[in-house]
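Below: a set of structures, written as structure tokens.
One chain, chain A, links the two complexes that follow: it is found with chain B in the first and with chain C in the second.
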Partner chain A sequence: MNDSRETILAVRDLKVTFTTPDGDVQAVKGIDLDIKAGETLAVVGESGSGKSQTMMGIMGLLAGNGRVAGSAKYRGQELVGLPLKALNKVRGAKITMIFQEPMTSLDPLYTIGRQIAEPIVQHRGGTFSQARARVLELLELVGIPDPKRRIDSYPHEMSGGQRQRVMIAMALANDPDILIADEPTTALDVTIQAQILDLLNSLQAKFGMAVVLITHDLGIVKHFASRVAVMRRGEVVETGTTADIFERPQADYTKMLLAAEPHGRKASPAETAPVMLEGRNVSVDYATGGGLFGKKAGVFRAVDGVNIRLKEGQTIGIVGESGSGKSTLGRALLRLIPSSGRYQFGATNISDFGRSAMRPLRRQLQLVFQDPYGSLSPRQTVGEIITEGLYVHEPQLSRAERDKRAIEALKEVRLDPAARNRYPHEFSGGQRQRIAIARAIILKPKVVILDEPTSALDRSVQGQVIDLLRDLQKTHGLSYIFISHDLSVIKAMSDYVVVMKNGKVVEEGDTDAIFEAPRENYTQTLMNAAFTA
Partner chain B sequence: MTDIVTTELPPETASRSLFQLAAMRFRRNRAAMAGCVVLALIALFSFLGPYFISHTYDQVFPSYVSVAPSLEPRPDASSLQDVMEGVAGRARVDLKEFAVEGQTFTAIVTSDKPIDPRTTRYFDRANEFEGTQVVATEDDGKTLKLTGQVAREYFFFGTDSNGRDLMARVMLGGQISIAVGLLASLVSLSIGVLYGATSGYIGGRVDNVMMRFVEILYSLPFVFLVVVLVVFFGRSFILIFLVIGAVEWLDMARIVRGQTLALKRREFIGAAQALGLTDWQIIRRHIIPNTIGPVVVFVTVVVPKVILLESFLSFLGLGVQAPLTSWGALIAEGANNIQSAPWLLIFPAIFFVLTLFSLNFAGDGLRDALDPKDR
Partner chain C sequence: MISFVLRRLASAVPTLFIVVTISFFLMRFAPGGPFNLERPLPPQTMANLMATYHLDQPLWSQYVSYIGNAVRGDFGPSYVYKDNTVAELIGKGLPYSMELGFYALLLALFGGVLAGTIAALRQNSALDFLIMSVSTVGVTVPNFVVGPVLTLVFAITLSWLPAGSWGDGSLRFLILPMIALALPQLAVFARLTRGSMIEALHTDHIRTARAYGLPARTVVITHAMRAAMLPVVSYLAPAAAALLTGSAVVETIFTIPGVGRYFVLGAINRDYTLVMGTVVLIAIFVIVFNLLVDILYGLLDPRVRHD
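This part shows the complex of A and B:
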């Protein structure tokens, strides 16, 4: 758009290579990028596309086994291969970074005031007490309420959104030219995500620095970036203005990314469909504190009097931000955690069922987890993982029969049956999630609770997993409870939506009704905050 | 759109289990591999060595008390000459020539009168010579050519103050120390892993009680425990394993419990619960296999620790009893004779130190190889 602007960071033929036991892996394969003063450049790509490693390479922050080659010139000064001392004059002052995880990017031992002052003292000299005034100013700027009091807070006293604001204050401390934001909002809830992005936007307007926004979320890109670079497998596939990329994508990959937004609707089951799982007045309390002889210090109510009726063939979507109790509710419905309320599975009242009484029912009530990396035991083969349920519920099966069932289940989730002799770490996130689904459906369950099954996956893979889940529902007549914070996924998957906040149901109703005409304020905020591309 | 078939699998070369990956990394670590080789050599020396030497560990050589180590056979040629002259004097013959070659000697003796061939008995009476025969008679029997075997002994490591071959004893000590090290580590491993995994997995009050019990055991002095057990059960070889294992499992239990607490929050444990596995099945199938990395590394620290503990017990006289011995007992004995016979300390100490070093290098290598961050 405004091409007269000066290019302040010119990246030419940048390569990042990692030395691994299996030989060199080229994460970035020679890319060219220009960052102009004051613009917002979004670097988009799925995980493993090298978008973060490019920036880490420029900033000299690669892991020990990484090497960077090529050229990255900041206002004519070559950054690649610059000695550490000279590089430190640039990074942290002229080019700064904020990271994805605000929870772990701050040192828990220092107050936030001291941590924000650190780059000031480093780059401008002076003492920490001299820097204090500037820190207060910065805290005000990033919208921390009552900065005079909060300046002496420790990171654990702040919420995730506030910590990200502190990170931004740190990055702004020396009036940078370029602010690199590496997935700055991925770890945050949607409503806070919107606030942080708005803050970045207004700060950019005020100070005129360039922002490099690394993200996988096309919704954010569309709303905030002026230019977009699409990366795939270490190469830049396409660059252009945001409008061009979204309206006239050239590369096939870009088109695929844009089309990967989950779509489709699910029809409601018949009115007469029998109720599969019902929970009435479900409440879950967590005791806090207390030791061997100590008294329980307090009680935290994670789920507060929720009613849920899941009919056969239905998919109930549960939406909520982190801490809203949606996952806890899912586990309570499966009777995996102590909870109060009345529970009914089919015709059986399972309210008073203990662990051993529940065990035979477990095969009909299955659970799929969010993190495909954590939910598969790293020391079992895929075959062992998916047949584990058979080992418990159908111990009479012979080895060969179990193997046969494993092959069937893998075919059903569209994985090569040869996968059963391999270990989970050899598979990608999407493939692992398929394995986790195979583990659940091998038992031929009636109800499956899906706890954020697509949140850790890339958009294009997400779509495939959603399609798979839909197909399985059709062929086996499954009933799903689909827990997610991602409204677009919920919209595509479920026919009934429950919105939760602080353990309570805020609003519920048919998917279309909720999405077209949300009644409650909170639901409306949620809808507005989600930048549906 | 609904029929995207994901049949592509990672390439065949990537099909390696975590264990294979770890083994690969381990093989690339030179120090660790060297440690393993040295350990194997020491084990071979200790367990197969006794079949290749003629002395047993309890054989006493009264003529060779506190002999210094040497590559030359004993007695040496000059002292044999002295002995031979003494024998010749007793036999009232003159020694004209004397030579030793390997295990045989030849001597030419003369006398004024013809010599009775039975004089060979005089030669056999000496400790050093046996099987003396007349090979040739010259000068009408006035000169005899004799040959016979010399009982020459090799003491590469010297002998101890009781005249026992130190090399045989170092081998035996190695057998016992390695056996104690491995078996006591296994005892502590099995108790500690089970206890720690159970305590950590069940958690809550059970965990509290179980870990307080561990702390109570920690606070008991080790020697006190040993003395009590020895008083109750009498001294025996098995007891050493039991006592050491009973002390060492405490650390193992703590390590495994810590691991278990972290594992418990992983989703695959939740998945196993949702599948309806019992607690015991989860501990056995999921918890224990996943703690194996840190446990294996800890074992390489426990083995030298156990060998040291056994040495300490032997030093106090509560360990293995003579004529059996262990490296620790040998070192204790050597320390008492450090001025008069330093080799008694040096040889067992070399083996002991080499073993500990190798174990540490191997343990370091294992830790690096099994480090999940390096995946």
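This part shows the complex of A and C:
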């Protein structure tokens, strides 16, 4: 398929090396890639596979300690080692890029109109006011509403999806030959994700540029790419048409990636199972504005009258996009933030419990966070981190007993007990999440609230963490509230699903019912965006 | 914008009031008084002096009348420079201090930003190391050392420049005190600029600018520099207030007739009114420059713009 098309970027034996205090690290180990005119090539791999660094190397965008070797010829012109002046004639004009981080990839100090105009003025000449007409046209093209007004907006005045549209407008400004999209939708909500990918697709059909889609998300690949290159640890393990890769994968790694989509189901707990944690009419308000000379104070209702009943052994999945109030709800249920409503833990009414009244209950109510990098103190050893709760809840334990408990907990999360003498930075994301889970279960809790515990992890690692959480639930009879924006993970983990939007429950029900026959429009939109992409 | 300025000016009133109140009582609690000389005055003379200046009245009534007069712009007579009011002394000295301070501020700001930018662009090179070492010296060596050394080298040994005094106010006279005054601030500006510039050069939007083929000069000046100036601008307010209100040390070493000396001399002599006058002066400068800097900051950064 498409083999008759002309190869416009030929990458041969490309190597990217980083100089680090521990010696040289080869991020890309001599890869070959061909990009043909007008095609969509997906470069797929997990974090650390070198998929982004390959493109950064070709575009001369490596960090200061990185260097590139080998060859990357764009229509016969060698890009590797090209002097900056000549390279600057290619990048931004013939080859353009959009990045993963729409929130930070635009300069916060200039209007978006000026930023889109910059490469136009640079590569085509003319003045900024002459470029304005073209900028308006581009904004229209990428679906920014009311471009005449938005052209003078600053990035912080726009949403993530809109900023990514602005980046796309910038990428299209000079009619490029190749558009490199580096994880263009990873930082966006699923519904926005689908819109951005559709936009890229239709623009490609219209203008016929080649698109290099760098992603870890196989769902996106299947839907949008014509060819796929699978990368692992700096090497291309397999290349082929999308159909071949998905239906007849050759490399073991590709097979593993395809199988790593979360699978399995959870059965509902028995009807008679006791209720562990209940929140009735849970509402959380945040004050906005205010201050001595500030604007008029207002109230933002983050969670609005939500009811939750968590039974023993149950997993309730709470799903929603960013800003839906799902994390806030989790914190309110644990009485960690001021909130109104009625709360019951087991037989105890905890509605009016303050900090000190809650403290003895805390060991039974634990919380695991999304960010395995930010939620572990970098200055404590793993042993200190996971035993910290024991000082509060079981102060009578001797040092040796605490150590014994730490060993048990680490074994339970399938980490080497020797890990307790090391520091968090020595561990990978998945291992750190295991440490965070060990910190929660060492206290032998009844209820654990898991706030996006797998969202920062690669798919293959995600699957392992999900398996671990399931096993722990069985062994200890835990009840989970599982908060996530990722429907496939929710589907695999929970027996009951609550869909939230703008602080309210849109729909709830047993997992099968929600996934097979969603009643509400919003749930259907979410499903479509997540599973057809 | 106008309402922002008005709000800030309104909030300056309680600030000034608190500053004046605290310094008034602190000053009075310090032992001694303006007329406690080495050779004690006869009791009768002392009593007369105290009565003339109302120092024999209870403290609270002195405080009330000071505040009452200050509100009307009357900061009273100096107790030590008896022929002058505080307002006259400050009015005479301030133009000298401000002119010298203004040049020193320009030197510190532009020199510091330039040095810091060069150091950041050549991070970890010999040049970076040199600039940072010199700026460490600039911060750590006090200007009562820098001043005399400059005089020794450039005025006495080389005879290139005059050793002191305002002279005819021409630049020749101002160069050495200006350098002595600017050096510590220049070093701070250089360090601030280097740090924020290095940070700015590593942001995602700088990567975007490079990915779109913008030349290095545009990337650095248009995109990195503007972001890097934000912390520098924040420091501008205290630096400007400090430099423009003069320095006791530099003005003494170079015999400049500015106001910087009055703060120290006033404090040593227990010249209550003179100290209070300089306190009010410095407080006003700090408030005004903070306001100016906040406005400037809003112009640089649309995210904090005051509408």
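Simple rule for what comes next: the second predicted complex is superposed on the first by the 526 of 533 C-alpha atoms of A that agree within 3 Å, B and C clash if a C-alpha of one lies under 4 Å from a C-alpha of the other, contacts with A are read in each partner's own complex, and residues count from 1 in each chain.
Note that contacts are C-beta pairs under 8 Å (C-beta built on N, C-alpha and C of every residue); 3 or more make two chains touch, one makes a residue touch a chain.
Here the structure is a predicted model, which is why all the values come from computation and not from measurement.
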{"item": "First (chain B), second (chain C), both or neither touched by A:G23", "value": "neither"}
{"item": "Which superposed partner A:P83 touches (first chain B, second chain C, both, neither)", "value": "neither"}
{"item": "Which superposed partner A:G92 touches (first chain B, second chain C, both, neither)", "value": "second"}
{"item": "Touching partner for A:A436 - first (chain B), second (chain C), both, neither", "value": "first"}
{"item": "First, second, both or neither for A:D371, with chain B first and chain C second", "value": "first"}
{"item": "Partner chain in contact with A:P145 - chain B first, chain C second, else both or neither", "value": "neither"}
{"item": "Chain touching more of chain A, residue-wise (chain B, chain C)", "value": "B"}
{"item": "First, second, both or neither for A:G354, with chain B first and chain C second", "value": "neither"}
{"item": "Residues of chain A that lie at the interface with chain B and also at the interface with chain C", "value": "none"}
{"item": "Residues of chain C that touch chain A when the two form their complex", "value": "7, 11, 123, 203-205, 207-216, 218, 223, 226-227, 300-303"}
{"item": "Parts of chain A lying in touch with chain B, wherever the complex brings them together", "value": "21-22, 291-292, 334, 336, 358-360, 362-363, 365-367, 369-371, 374-381, 388-389, 392-393, 414-416, 418-419, 421-423, 425-427, 430-431, 434, 436, 439, 443, 463-464, 467, 470-471"}
{"item": "Complex interface listing, chain A residues touching chain C", "value": "59-61, 64, 84-85, 87-93, 96-97, 99, 101, 104-110, 118-119, 122-123, 154, 156, 167, 170, 293"}
{"item": "Chain A-facing residues of chain B, complex", "value": "1-10, 13-18, 21, 24-25, 28, 205, 208-209, 212, 266-268, 270-278, 281, 285-286, 289-290, 292, 375"}
